[in-house]
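One chain, chain A, appears in both complexes that follow, with chain B as partner in the first and chain C in the second.
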Partner chain A sequence: MQADKPDSHVVGTSVGRSDGVAKVVGTARYVDDLPKRPGELHGVTVRAPVARGTLRAVKFDPSFDWSDITVVQAADVPTNVVAVIAYDQPVLASTAINHAYEPIVLLACADRAKLARAKLAVHLDIDPLEPVLDIQTSLSDQNVVWSAPDGFGDKGTNVMKRYLITKGEADVDAEHARCARVVSGTYSTHQQEQLYIEPQGVVAWWDDDGAHVIGSIQCPYYVHKAFLKTFGLDAERIDISQAVTGGGFGGKEEYPSIIALHAALLAKKSGRPVRMIYDRAEDIEATTKRHPCECEVTTGCDADGTLRVLKMRVLMDAGAYVTLTPVVLSRGVLHAAGTYRWPTVQIEAIAVATNTPPNGAFRGFGAPQTIWAIERHMDAVAAYLGVDPMDLKRQNLLVEGDTTATGQVLRMSVSSTACLEGGLSAARYAERKRELDLENQARAQRGERKRLGIGASIFMHGAGFTGSGERMLKGKAALDLLPGGGLRIRTASTDIGQGTETVFRQIASDASGVPMEHIDFAVPSTKVCPDSGPTVASRTVMVVGSIVERCAREIGDAVKAEQARGGGSFAQAGDRLLTKGPVTVLRQYEPPDFVKWDDTTYKGDAYPCFAWMCDVAELEVDLDTFEVEVKRFHIAGDVGKAINPKMCLGQLEGGTLQAIGWALSEELVWRDGLIKNPRITNYIVPTALDAPPFETALVEAPFEFGPGGGAKGIGELPMDGGRRRSPPPSSTPPGSPCTTCRSPPSAFTPRAWAGRSANDNLPEGSQPRVDSTQAQRSAA
Partner chain B sequence: MLIRLKLNGQLREVDTAPMRRLLDVLREELELTGTKEGCGEGECGTCTVLLDGEVVNACMVVIGQCDGRDVVTVEGLGSEAHLLPIQKTFVTEGGAQCGICTPGMLISAEALLRRNASPTDEQIREALAGNLCRCTGYERIVASVRAAALARSSGGAS
Partner chain C sequence: MTIADLASVPFERAGDLASLCARVGELADSEQPFVLLAGGTDWMVEQELRKPFAAGAEPRVIDVSRLDKLREIRLEGNVLSIGAGVTYWEMRNSPEVRAHAPLLERMARDVGAIQIQARGTLGGNLATGSPAADGVAAVAAYDAILVVQSRRGVRRIPMSELQTGYKASTREGDEIFVAVEILLPGPDARWYWRKVGTRRAQAISKVALGGVARVEAGQVVRCGLGMASVAPVTALLPRTRELFLSTKLEKIGPVQLDKAVDSDISPIDDVRSTGEYRLHVAKSVVRDFARALGARV
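Let's look at the complex of A and B:
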């Protein structure tokens, strides 16, 4: 190996992904592809069949041969809590059952077929209790189903967390009374399943060094933290590594702690390695989903459309345990005001407990729910005023120097106008709107039953942890000099498909002068890599990437200094340094000084910067079948600096299609707290035929503290948009100051479109109807 | 039951219960883990392989049906040193992200290009509609297939 090229310029180029070849020849090892360890067992979970109840007994069928089955129950768990934020969730339920699919018994056996029979030979004796299954029932506190751990929630109620954001005039109702136009609306959004194509899975084993886990994991240090608490081990006796991971989207952020604890409990009791891989139904039923949300919005503006006041109440359904809900609610509330100037703001946010599986992290993390509400509300205000929604949005758009709802002055990297105008002009928005109106008139005259529509959204997403989060988190990264002038990057930031390892190599290459092919990326593992903070919150490139850049620059400079002193090539100089001992640079993230945040008042700089995006959709709707086809889709998205432009396109387009799927076809059907469609057959995600052709323009408004010349976080951004339905599926008759809008595809009815009824639902259990061809292939 | 099949161009024998899924026999006995399981019910296309040149879901085919037949998995496309154009372009054009759908996607795409050297975007989308991808939004996948068609027709083949 040698690395003599003094400079590298790979940032800004679309180099192929460094893990790409292994993925296209089939040698990339995902967790279920890992070779069997000697003596390995399979593990399965016996789960609660009801939403709420009291577990009286667990009975094991005496006619079944249990001799080679390992059984783990709550009594076997050293400290029976899953350590996330609060410690309210048991690793295994003992008496209280708080949601359907709650884990109760773990079983392991070498023979998978016998294990499946063993699962059926476990009988749970449960007294059912009345469950609480929706936000409004929970909020009434008539049936309190959650007990607040210390420091969390309101005692004696179902309320888990509250926030309040205020700005401007103290009396918002008086401010509304002073406004020429006041519009109210309620906007509710439904759950969404991440549906990563690789289900959750881990392999766990114990040896003299302690506990080992390898798995499909976004955040190895989350699992590490859970093991510290549950097993009471010393930190260095816990080894958590990531296998190649087949998508996460937040779904593998906090949940893997549970499956890893379960596999490790079985492994500990059996003394054998245990492999636990969920099948699709179990994955959909038991793991986290996007929080359902209800937003009540009342706004006031002048007769000319100038916005004056926003009053909003955000309600989220946390599910049965806290998990990450306080943080999801926080991000939701911090994005609730959208991209608009509001002199006066009052946003109240409440998360409540229900007897449903805990909701958790999913790309966007609360923001897609509230941004959908504010964008639909702006459409309703525009309809009331009789103006084009995009004119109203443009008129009130936040620009550099403006102040957000938390009082944050937007200082830098504000590309709202560039994105809005870029998106609208690329899509020929105004022109197409006229053309489609004419076409719709012609179709109506011809008696045709399909109509066309165009709509746009503008939104922003804060990158990195909220407020002082990054300062408290103290994310770290390390780089090592290798013999021959190469480098190795060590971070806990996982590549779950988004391209971390490629982009980090690009950043390190330009910063050090070492060619990319001489830069190694260590498998994220708690034994090898420092805690960089979790792979979440659109922070990987912007935050951890900037630490990598700093480490690489320092190592590169040290070797070049040695080269200047002693001559020879970069590699020779590096090798001379290595003769004196290892050369490693370990650095901690230093947030920009200007970030000031007050967690008690929820005022200040919520994020160091925001990424911005405008998207424009053209749809065709069949008025009889109500099939919706997305015909064209334009994106103008600001990434700060595109380290790898094609990967940026992949992030923006992929996130947008997840948002489109949420709007048009993805819907869980619940009955009595159980999921009736836990399958890809009837939880319908978009296929290549359902997806529109995307035309995506990258906008670059560099963030001066970002790596590679100003990169910002964009992972979550596209999920905030993409869900425009135009004309909106609400009741809003022109000129009405009141609207109701529900997001589930099954709420999208002909009557709603005809403007006759507010929120008619289809009969319970009816399926979303988007054309899907994924069921069309027959086998052999 | 002793099953003889041609697997990725080589004759292989496997002695197993005839009702086992082709997917499991490929991944376990034959140690070809490139073919993945995403749903187990023929919906996601992650386990797509070629059976006598036809695109099938290996989770919906039993091994007993494969006796005397020709099976191609992702390992039977190009090797690291000799990538097919479709494998190259999935790397260069961003068709692969997390990669879990990639083996099945490549099989479907290669089957398309073998029967249609210059497909339209609509034909590409139709050919891949049985393969779910949750990462890309499909635009980069369509671009990858388009680029591979171009590379094949301009002689840039393996």
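Let's look at the complex of A and C:
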């Protein structure tokens, strides 16, 4: 095997994806493609049909033949809790039913058709209780539906978590009184389903070594942690591996613990391997979604537009259990001030419990909700001041040396201006705005029924875990030297379609001098790979990639030193080292020293650095049907350093399309806490035909502690933008800004449209009040 | 259910139309549940949505996808006949359809995705009777005649007499859709197609309108309309059509037109849209059609 590295570098080049061919030709094996294990059973879940109630009894139809059905109920669960952050969620409900689709009974059988009939032969005897289904009802605490586990929430209320961020003057209301212009608004965002193309699924079995799970899993060590708690096993008796995974977007961050526990419970009781694969409807109904959010914003500025004070209240709907809500709320609140300089800040954030399935991780992790609110609000302030929104944003933009809402001084890798100016000039924002206005006038004269508009936003996303998170997490990665001068990367960072494997091999190649084709990527597994921390938070490349880089450099240097000593090729030198024993480097992440964070006051360096991005969208709206077509989309996104430029473009454009879908078409229809459209045919994600032509420019402001010459995390960044509501600012009719992110065409009717224009003709000097309930009332 | 799962469904295959009619007659007499499977694009979805069959109660499945007789597109004089087994993809690519019934070609482009177009058939859409079917709205605009056949012979049903309620029709239990016949409106006829969904592929209509008209000296002399997803059946908008046929285009006003649509349909709320939005869009697209004919509305 040849192993001497040619001079060329692979970092910075768009090498093909390591997993590409197998996925295109169909040889990649997703969990449902894995060969059947001997004696394998299928598993299914019997779920609660109501949002809240008391389970009196579970009855099994005596006329049904149960002889070959394995049944698991709450009493069969050793420790009936799903270990995530708080221990409030049962693996199977026993008495209290806290949300629709809550799992109650598990069934397994070799015959799938019989299993489907068995599910119908289980009868749940439930006394329904009044559920709480929205934020405001929950916040009123008239119906307390959640009991706080120790260390979480406010006892005797529905409040799960609170944060408070303050900066500058203590009395924000007095600051507002001193301002020449004060604008208030409420902005709400709705749920979003991740809609990874492969539904959740696992295979579980037990043997003398303990419990084994292979599945569609984003974070194998989360499942490992859940098994430690529920089964009380020793760590080495738990083996969790990732199968090829068809997307996650956060949806396979914490949820796989539940399906894996369920399959393992059935496998334990039956003594057979059990495969559980959700169908689409069950996946949409039962698994986590993006938290609905309401943001109340009041800002004050000088007459010239200089921002003075931000007061904000962020409310999130956690659903029935804590899951990852405290962390989602944290990221939401840390991004809530947007990319702007605020001398005085007061941001209060509250997450409340409702009787809906728990909301959880989703690309952006709380930030898309609050960034959308502040961006819409800045548009409202600009409209009030009579200036272009982007001029107002530019005037107040955070730049290097400025201080964020948490008091973080932006020391390095600050590309806010480069992204803003790059995006606006590539899109010819100012000229296009004028051109579109003229075109709209001409169309109006011709009696045409479509109008054009343009809008832009600027935003940032913190890379890696918040504050001291990485320091506490102690993420690890390992590299092994293989015979013949090859390397093997061992991390728990999964490739769920985003390209981890390819990028890690690129980084390791340049750092070690070993060609990419001689670098293996071990399947993430808790038996084989050290805990690198979860595959989340835009941390995989920037954090884990930097550990991989360090390990690769050390191994490469060791082999090259041996080569210098004893001669021969790189491969020969490596083999000489291997005769003395295995050559492995295991390293732990060391966060940059300057990162200082205080979790109690929520002050300090929230993130080591931020990635920045500017979106400019041109839209066409049909005045008759309210259909919106995104005609062009410009992106200027800062990735630090593009390890693989094509895959960076894929992340930025794919994430943007996901954000566009959230704004324009995706909407869960709820009735009494149940989802009425749990199918791809009626939960409308955009298709390739709906994707606008993207013009994407990668901006590179290297972060000196990132791998490959300064890569930053970008996985979540694009989800923070992409959502220009309809109608766009310069379209006709001009109106107050839309304040619900939800804008499917049917959200607009003539009456709703009229509602949106309520602030059109404000008397000079009056303060606009932007109220999202207005549009919703009209639409109802 | 996936196409791969289809392999696990026990089915019989009809050799020719006559033996199919005989077999269907036999099954109808015995009151055994059965299903004729062409592309399967509706049926496979239903298998996902339905409750599991009791053991032994599965319907008999008869594969009709290989009956060449059902897959013909023929032009005889000024009548275009499209076999019930013709797929939407074949319709898109048929020279006869493109030349003589361009509305059908245009509509077919909007059905599902290309994969669905390649399997889904016009006859399947007629048989399942979904009021959201784009294909049925489009053939309604041509005032199509539905040709059904049974062991008792061939019968022709005008579109206006086919649908009697949600997924209910005047087709008898032993009758099979074999073709759709269209009396061609002539090369100078106007046609209109507008599908309002929420995305540009894989969308089921919130509202769709097919319209065909001949205009002579400012007067509509032939008019057919078919609207999807606004009623329990494909809406033929009889009062709106009557307005077009009875009034010079220059005399048709927007209020009059909206009133006609109001009296033709009362759409409801469902998971895909609201009744209010549907009614608004229905009026808007009818106005758009009228403008295309030359009315000032």
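The rule we apply is simple: the second predicted complex is superposed on the first by the 722 of 780 C-alpha atoms of A that agree within 3 Å, B and C clash if a C-alpha of one lies under 4 Å from a C-alpha of the other, contacts with A are read in each partner's own complex, and residues count from 1 in each chain.
Assume contacts are C-beta pairs under 8 Å (C-beta built on N, C-alpha and C of every residue); 3 or more make two chains touch, one makes a residue touch a chain.
Just so you know, these numbers come straight off a predicted model, no measurement behind them.
Of the two partner chains, chain B is the only one that A:496 touches; chain C does not reach it. By the document's definition of touching, of the two partners only chain B reaches A:658; chain C does not. By the touch criterion defined above, A:689 reaches both chain B and chain C. In the superposition on chain A, no contact is made by A:122 with either chain B or chain C. In the superposition on chain A, A:677 makes contact with chain C only, while chain B stays out of contact range.
Shared-chain residue A:669: touches chain C; no touch with chain B. Once chain A of one complex is fitted onto chain A of the other, the partner contacts of A:113 are limited to chain C, with no touch recorded for chain B.
With both structures placed on the common chain, the touch criterion links A:630 to neither chain B nor chain C.
Chain A has more of its residues touched by B than by the other of chain B and chain C.
Residues 279, 680-681, 685, 687-689, 779 of chain A lie in contact with chain B in one complex and with chain C in the other.
By the touch rule above, chain A contacts chain C in their complex via residues 113-114, 116-117, 120, 279, 281, 449, 624-625, 627, 664-665, 669, 676-677, 680-682, 684-690, 744-746, 748-750, 779. If you check the complex, the residues on chain B that touch chain A are 27, 32-46, 51, 54-57, 60-61, 65, 73-75, 77-80, 83, 87-88, 90-94, 96-103, 106, 121, 124-126, 128-142.
Against chain B, the residues of chain A that register as touching in their complex are 14, 16-17, 19-30, 32-33, 194-199, 244-247, 249, 279-280, 496-499, 646-647, 649-650, 653-658, 679-681, 685, 687-689, 691, 693-694, 696, 773-780.
Those residues of chain C that touch chain A in the complex are listed here as 45, 48, 51-52, 54-55, 113, 196, 198-204, 206-207, 271-274, 276-277, 280-281, 284-285, 287-288.
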